[in-house]
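The same subunit A turns up in both complexes below, where it pairs with subunit B and then with subunit C.
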Partner chain A sequence: MRVLLDGFLRVFSSLALSVALLLMLGLLTWLGTLEQVDHGLFEVQKRYFESFFLVHHAGSIPIPLPGANLVLCLLFVNLAVGGMARMRRDRRTAGILIAHAGILILLLSGFVKMYFSDDGHVTLFEDQRANHFESYYRWEIAIAEDLGDGRLREHVVPQEDFADAQGDRTARLGSPELPFEVEVSHYMPNSRPTPKGPMFEVAVPVVDGVFLQGRELAAEAETNIAGAYVSVVERDGTRTDGILWGMDAHPLTVTAGGKDWAIDLRHERYAMPFTIELEKFTKVDHPRINMPKEFSSDVAVIEGEASRPVKISMNEPLREAGLVLYQASWGPGGARPGDRLFSTLSVVRNPADKLPLYACIVIAAGLVIHFTRKLAGYVRREAGA
Partner chain B sequence: MKLLVAIVVALTCVASHGAAQEPESRRVPWSDGIVELAESLPVQDGGRVKPLHTFASFTLLRLNGKRSLTTPSGERLGPTEWLLDILVFPQTAIGYRQFLVQNDEVIAAIGLSVDERKKRDRYTFEELRPGVGRLFELARQYTLIEEADRSSVQQQVVHLANNVDEFMRLAGHLDFARMRLRVGAEPEVAELFDASVVPFHAVVRAAPGLHELADGVAGRGEALAILRAAADVGGASGSLALLPPVAPVDDEPSWLTPDDVFYRSYDEGRLADEHAEALRSFVALVDARLDPGAFERELAGLHARLTGLAEARGEYASVGLEVAYYKAKLLSWSLYLFVFAFLGLAFLWLRPRAKVLYAGISGVAGIATLLLIAAIVVRCVIRGRPPVSTLYETVLFVTCVGAIVGLAVEAVNRRRLALSAAAIFGMIGLFIANGYELLDKQDTMPSLVAVLDTNFWLATHVTSITIGYSAGMFAALLGSLYLLAKLARFKRDDRAFYKGLARMVYGVLCFGLLFSLIGTILGGIWANDSWGRFWGWDPKENGALLICIVQIAILHARMGGFLRDHGVCAAAAFGGTVVAFSWWGVNLLGVGLHSYGFTSGIHDALWTYYLVQWAIVGLGGVAWLLERRNAAADRLRAVPGRPPEEIAESKAA
Partner chain C sequence: MAVLVWTLVGVGCGSRESRLRTVETARVVTPVDGGFRWHATSEERFGLRGPGPAQVAELAYSVPDGWLQVAPTAMRAANFLVGGDPETECYVTLLAGDGGGALANANRWRGQVGASPLSSADYDALPRVAMLGGEGSIVEAAGTFTSGERKIDEALLIGAVRLLPDRAVFVKLIGPRAKVEPAREDFLAFCRSLERRG
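== the complex of A and B ==
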């Protein structure tokens, strides 16, 4: 046991492992950069950087590689054991230890961001308001129950529960509160509803003359539109078939158990603890050329009865109740002067928001201490020589 | 569509003038006084106020491939003189060979003959004129093709069409000042004017009245005809915004062309006296074109009027400085001095004890660096920005930091090595800066997109990243020198020489890591503040990370004993290509948030560098193997009892 632990510590604290991990991380970073040309950032990020293992295709040769996530986890251990716990501690290594501590904070903030943060956007025309933001990439199925007095009660199913129901595989979504189950099949991350013509056959069901056509994943992942086939199966076995598509203007409606229900596939929504209203969006170009100089959104942050004005502009986000709102973009793309514009604010909930800044300060301090020591030594030696 | 309209107008202007009167020409060179006044006229172009000299330089560079032009009569014109000729004597300027065509297939494609012309040659507007219609037609088709997918000839057709269009706009710019209209056929119209033949500014003044007549019945026909004529010549003036608004900058950021002034008077009945007077000055200026003395007086009047308006808005402060910056040619002088220092160093290595030579060369390299620093500082003052905000400026700054680091190290160790490296680095860096400017042919002090409009982050993140690039490249240069010296068996027995060199590489790597790492993290913090994510695996971010990883890996491999001096130098030399990939290579990928800047054509230069640098690393490996074999052979020969002198001799042989 003792031997095993010692061996483990020796391997994990070795400089050889550090160098090997760094080189592997460098290789992954390089490959992941080049792959973006063909596959877009989002896909590459999932495959190369957020994964534990991957298979890289160099031409037609498959090469199995560890993912950057695994490499960074190992690096974290290597650094904590070899670069902190088991390292000599004296005046000569003080700077190094501090810098290593900073890197650990940085890696930690990365893990926190990856596993505990939400991000999305809220897009508003002037005078519109919202109290939630929605994901760019993730989908959910919302089952809304008409309570009869003008109110709706929503049952929300996250993407994990139906994303595997691809092809003929099915996922059954249900809850004791619902008088039916929703059977999902043929989930497609990117799809378009297409009319079925008489001249061709399709391998998927056709509902009311329309079928879902699957598409390649787009390089710009936020342009993917998910779709799926659903069957609403009531307790007595009655089935109602339908198609859900992410950009449908109207949800699928069914009547069951004496009530009306609306089923909708939409981008995942996250509630905000306040409401935001876009009062004015401003876009200023440089004089006489078509290049934006600045854009900003004047918004009202409304909490209960209280409302206060805030200006959100490039490089100046709003930080409020654990959320950060950024001026991300605007549209529509081909707008002419005088057209009604919308403003897109990116919204991020990241518990580690400020950690990189602290890490940066710690690392800078450590490196400055260490290298100043080295430099002073060098100058002394050269002057003595 | 806009392009086509402009063509028709400009074409008719140039053509009608050519036909209507004897081609007149300038009889004497533009006097220094005239040139000085003209070059310091402010103009709003590319989103900022700049001297006419800067505008003329980059326009001439785009058309002619260089910043001067030789006329058929052998006169050598600077950019401002050339622009004056186009504006004031367009009939002369159409005969200048000012359109550089890289490949005569372009000329053949627009249906013109290329007999007796070189493949790469310059053409006059007169020569191109018969093919201009076809040129624009082709260019319109080719612009529908993605730039990356265009063939070289297609790209050159588009380029030539843009240049011809720009020339025609400039040639027609002062048409408004040449125009005279006969008015007063209708009494209602005559009432609006106090003469029967009137210039443009009188029409501008009368525009609200003419507008009213045009909406009514009496005098409608003539009013419409006058307005149409004024709109036509005004439209030709659309390219140079020389007239500052009277209102403060915040209320009215955009400068005006004569066309704008006309429409403002016509549409809104608004005409500032200053603008009416300025238009009158343009007319007087053109009238005085054949009398150099009178022309200079009129130009001085116009200059005072326009700069007065710009000054009142606080937009003239750095125009004079910018003219001085370009005329002083600080960067050219710096480049010459670096080259001179480099040549001197060749002698210095042959005569190691020449103290005066050493001091002299150090001085020259020092002055070259100071000139470079001065150039960067002046650019900061002109734009009110930190030193680096464009790709071009990264080159200047990287060069400058490398030279400073080299000279500082030299001051400490006085081994001549760092001095040599500083001179080489300065020379190559400024050569690249110059090449980039000639390739890009755009103003090197452009307006910045919204996200870059932050002096805090430009000063911190961009500056530290760029210092990191500089250190990485400088370490690569020193490492390469080490490898090449080993290969050439230079000073092969001087262990201190190699030890010292390797130690410098190590030191510069440490310096570089500090700035690369801090710069990269600061970039993340900036991204977190403006886009909401600290790190997004964007290509530019990855490039910066790669630099950090390589430098950290080298330092740890050295620590662990996996790399010795030779290995560290080879790794640092390889690291240069990683820096180059991050600095230039990722921009060529064409993806991500950071893919700014003009980069086509840089591809070849970048790959040349990669290959040269990798070859040096490879040769360094060969040198290492040879050294090991020789060492083994020496050990074999060093049999016991053999005197050491003998071994030394056999080595020397």
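== the complex of A and C ==
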């Protein structure tokens, strides 16, 4: 047992492992950057940086590689064991120990961000309000009933529960609170509803003269628009078929159990503990060209009866109730002076939001201590020579 | 053991797999964005339109018979399926300024079907169509169309480029030659019908 532990410590505390891991991280960053040209940021981030293993294709040659997630986990262990536990601890190594602790905090913040954060956006025209933000990439199905007082009761199904309903597979969604089951089929990660013409046949169902046409996945994953077929199956076996599409203007309405139900495929939504209203969006262009020099959003943050004005600009996000709202973009692209513009605020809920800053302060402090001690030693030696 | 056998039989027969997933998340929400419309039709939900007069933000036009207007996308201000064929598309793209240049865009189109680029003199000699208060240049190229993972063998591309003082208007018809060739006159009529609003 002792031998095993010693072996573990020797391997995981070695400087050679640190160098190998850092080189691998550099390689993954390089390969991932190149892959973004063809596969877009989102796909590459999942494949190269959030994975434990991946297969990189150099032409037709498959090369198995560790994913950045695994490399960073190993680096964390390597730093914790080699840089903290096994390093000699005295005044001479204090700075290095502190710097290593800072790097560990930095890595930890990355893990917290990856596993415990939500991010998305709020897109608003002037005078519009929102009390939720939505994901750029993930989808959900919401089954809503009208409670009659301006509120909706939503039953929400995450993407994992229906995204495999492709080919021959279907996904049945049910709840004791629903008087029906929803059968999802022909899920398409990128699709377009298309009217069925008389001159061609399609391999998928046609509902109300419309079918869902699958499209190749776009490199920019946020431009993919998911779609699916649904059948609402009531307890007496009555079926109502419909098409869901991620960019529809209105949800599918079905009547079941004597009530109307709205079924919607939409980007995953996250509730905000406040409402935000865009009061004014300001875009200042560079002289004589239609390229913005700066843009900002004057918003009202509404909590209950209270409302307060806030300006969100590119370098001044709003931090409120654990959320950070950044000025991200605007649209529509190519708008002319006088056109109605919308503002897109990127929203992040990250419990480790401040950790990178603290990590950098700790690392800087460690390096200052270490190099100050080195400098003092050099000065002393020179003075004594 | 019986479960295993039946599972293997089910998989072997290619039966439609279906398992019930319980919807676990329920919440009450108060929409503050105006909500949505109940009982909307498919046309209203998906933004589908048939032939006839139509408009997008700053253009008005007449949709030829047999064309179906489908939902716009980020780069397509107006988007049509020609003859109901999902492979044959016509769409209008509006870009600020000169949109990167008429010749550059014409050559980008030609590159998509593997055709050689035009010189400035070639571009100036292209046929024209009356559109948007002036003349647009008609670019045409045939070959194998590739864009992303999309590929059409024996494709025909017909495009119209019209530069306005503050705007570049691109109209592109692309699809199999057998479908695009008969739609040529409709395409030109569509270009002639374009009008600037506001």
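Annotations for the structure displayed:
Criterion: the second predicted complex is superposed on the first by the 356 of 385 C-alpha atoms of A that agree within 3 Å, B and C clash if a C-alpha of one lies under 4 Å from a C-alpha of the other, contacts with A are read in each partner's own complex, and residues count from 1 in each chain.
We adopt the following convention: a contact is a pair of C-beta atoms (placed from the backbone, for glycine too) under 8 Å apart; a residue touches a chain by one contact, two chains touch by 3 or more.
In this text the structure is predicted, and so the values were computed from the model without any measurement.
By the document's definition of touching, of the two partners only subunit C reaches A:152; subunit B does not. By the touch criterion defined above, A:364 lies against subunit B but remains apart from subunit C after alignment on the C-alpha atoms of chain A. Contacts of A:271 after superposition on the shared chain: subunit C is touched, whereas subunit B is not. Using the contact criterion defined above for the overlaid structures, shared-chain residue A:125 touches neither subunit B nor subunit C, since it reaches no partner. The residues of subunit A shared by its contacts with subunit B and with subunit C are 289. For subunit C in complex with subunit A, the touching residues are 14-33, 36-42, 44-48, 57-58, 68, 70-71, 73-74, 81, 83-86, 94-97, 148-150, 166-167. Residues 44-48, 241, 253-255, 412-413, 447, 449-451, 453-454, 457, 503, 507, 510-511, 513-514, 517-518, 521-522, 524-526, 528-539, 542-543, 545-546, 549-550, 552-553, 556-557, 559-560, 562, 586, 589-592 of subunit B touch subunit A in their complex.
Remark: subunit A residues 128-132, 143, 146-147, 150-158, 161-162, 168-175, 177-178, 181, 183, 192-200, 207-210, 213, 216-219, 223, 243, 245, 247-253, 260, 262, 264, 271, 275, 289-290, 332-334, 336, 339 touch subunit C in the complex.
In the complex of the two chains, the subunit A residues touching subunit B come out as 14-16, 18-19, 22-23, 25-26, 29-30, 32-34, 36-37, 40-41, 44-45, 48-49, 106, 109-110, 113, 119, 285-289, 291-295, 314-317, 324, 326, 328, 346-348, 353, 356-357, 359-360, 363-364, 367-368, 371, 374-375, 378-379, 382-383.
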